[in-house]
Amino acid sequence: MTAIGGGTVRDLLLDRHPIFWIARPEFLLVCLAATALTLLYVRLRIPPFRALFVADALGLAFFTVGGVQIAEQSGLSGLLAILMGLITGVVGGVARDVLLAEIPLILRRGQLYASAAIVGAAVYLLLERAGLPRDPAALAGMATIALVRFAAILWRLELPVLTVEDQDYEAADSRPSS
Amino acid sequence: MTAIGGGTVRDLLLDRHPIFWIARPEFLLVCLAATALTLLYVRLRIPPFRALFVADALGLAFFTVGGVQIAEQSGLSGLLAILMGLITGVVGGVARDVLLAEIPLILRRGQLYASAAIVGAAVYLLLERAGLPRDPAALAGMATIALVRFAAILWRLELPVLTVEDQDYEAADSRPSS
Amino acid sequence: MTAIGGGTVRDLLLDRHPIFWIARPEFLLVCLAATALTLLYVRLRIPPFRALFVADALGLAFFTVGGVQIAEQSGLSGLLAILMGLITGVVGGVARDVLLAEIPLILRRGQLYASAAIVGAAVYLLLERAGLPRDPAALAGMATIALVRFAAILWRLELPVLTVEDQDYEAADSRPSS
């Protein structure tokens, strides 16, 4: 679900039918095989936690830029293409986190999660418009996304965050939802 | 997402393509601009908490009646048009609350949230069928929604609520999900 | 929402329009009537908790096999038909649990929830391919789903579950999301 969720929502929004994994069910087989192999592997040894974040960053990079390219095929312009890339890249992980009743990674501080996807998608589109061929532009976009994510995790980079005194809001919040 | 979520689901359900914000990306720019202005404003001073509820009630009123009108354009009858209005009005806020891992406002006691949308949508449809022109009927429907919400918050109105002794259910609930 | 959620997502994924409850709004009236009757009944007496699980198992059986049949009508092959049955059967309940901020039943241990749906859908498809007429094959598939669910609840059957020492993961988890 994490792997195909974003592309599914993108295809529904763009009215692209059949949905990519209905058109090519081998995607589902790859997901099932990867799941089975992971379950087997984890039974033998616990992978370093870091590996999950590397895999997640590469998935974000790949799905986001792929989503932008499919949006371009559907004739969408800059802002919409970036948004479709963002949706393709993050919706699967958001659905996973929501099902597990966790705050999605994308909403947590110090992750630069959506930021990485947006910046990488923009890098790809700008390089392409600057005349770079499609594949190197895509590779540069993907590298940008992965690097921003790695940097955010390693150095705990953060966007400036709005700080409101929690007390005020908690006091206020207790009123209308009581 | 709160602003465009409901209309997006409505367009998907009605098979209206392109989705409204793909057809008119300026909607997205308005959302981005409003978000930026809000972030700037909140940095300077904390808005009264009450302002959030007023904005939410106006959004609910506007989106619900707008959703009913679009359902009418698609040829839907009374009950379905009201349901589409409800979906348009509430899904964005529900998605926001789910992503923040909160119980959606619509499911909380003493909010009359869905009730306000349903009653206002019905008021609009009835006035229109009674021969009132479209715009005053829409205005009356929107006013109904906003007023019911304000009344619910100010006077803590509630629908009669089913009370089951919690103990019984908790005891029972611990069994099958253990 | 629990009743129509799964079929709605299935229809969207298969691009079947109008969505089944737009094509036949009497589905919505049945849901509303059942809700009203349930609210009235519960006001008089608390139903045995067990009744909820029987109703849920029958719904899972009915919706899953119905979803497989509609996928077949749309020309989908084995794996995709089973997946569409699973989606039809479980998405409504998942949405209900997510809105109530609970871990969905389908993700809890010792429920065999998705397993029941997958096995029952496969039984239906296999019997049909073996030459059995449609209706008895469907009945056998539905019976399989209900029986697996009953067995899981009564005897607390479980699939072998992956156990990772929680401590390791909690320690690791506190790092990147801090």
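Residue numbering begins at 1 within each chain, and the chains themselves are lettered A, B and C in the order written.
One rule holds for everything that comes next: contacts are C-beta pairs under 8 Å (C-beta built on N, C-alpha and C of every residue); 3 or more make two chains touch, one makes a residue touch a chain.
As the structure is a computational prediction, the values presented were derived from the model and not from experiment.
Engineer: Could the interface between the copies chain A and chain B be described as same, meaning over half of its residue numbers are common to both, or is it different?
Structural biologist: Result for this pair: different.
Engineer: Between 0 and 180 degrees and rounded to the nearest 5, what angle rotates chain B's CA atoms onto those of chain C?
Structural biologist: Copies differ by a rotation of 120 degrees.
Engineer: In angstrom, rounded to a whole number, how far apart do the mean CA points of chain A and chain B lie?
Structural biologist: 28
Engineer: For chain B, what residues touch not just one other chain but two or more?
Structural biologist: In chain B, 12, 98, 101 touch at least two other chains.
Engineer: Which bits of chain C are touching chain B when the two form their complex?
Structural biologist: It is residues 8, 12, 17-19, 22, 25, 28-29, 39, 42-43, 46, 49, 53, 98-101, 105, 108, 110-111, 153, 156 of chain C that touch chain B.
Engineer: Which residues of chain C touch chain A in the complex?
Structural biologist: Interface residues on chain C, with respect to chain A: 12-15, 76-77, 79-80, 83, 94, 98, 101-104, 107, 162, 164-165, 168-169, 172-173, 175-178.
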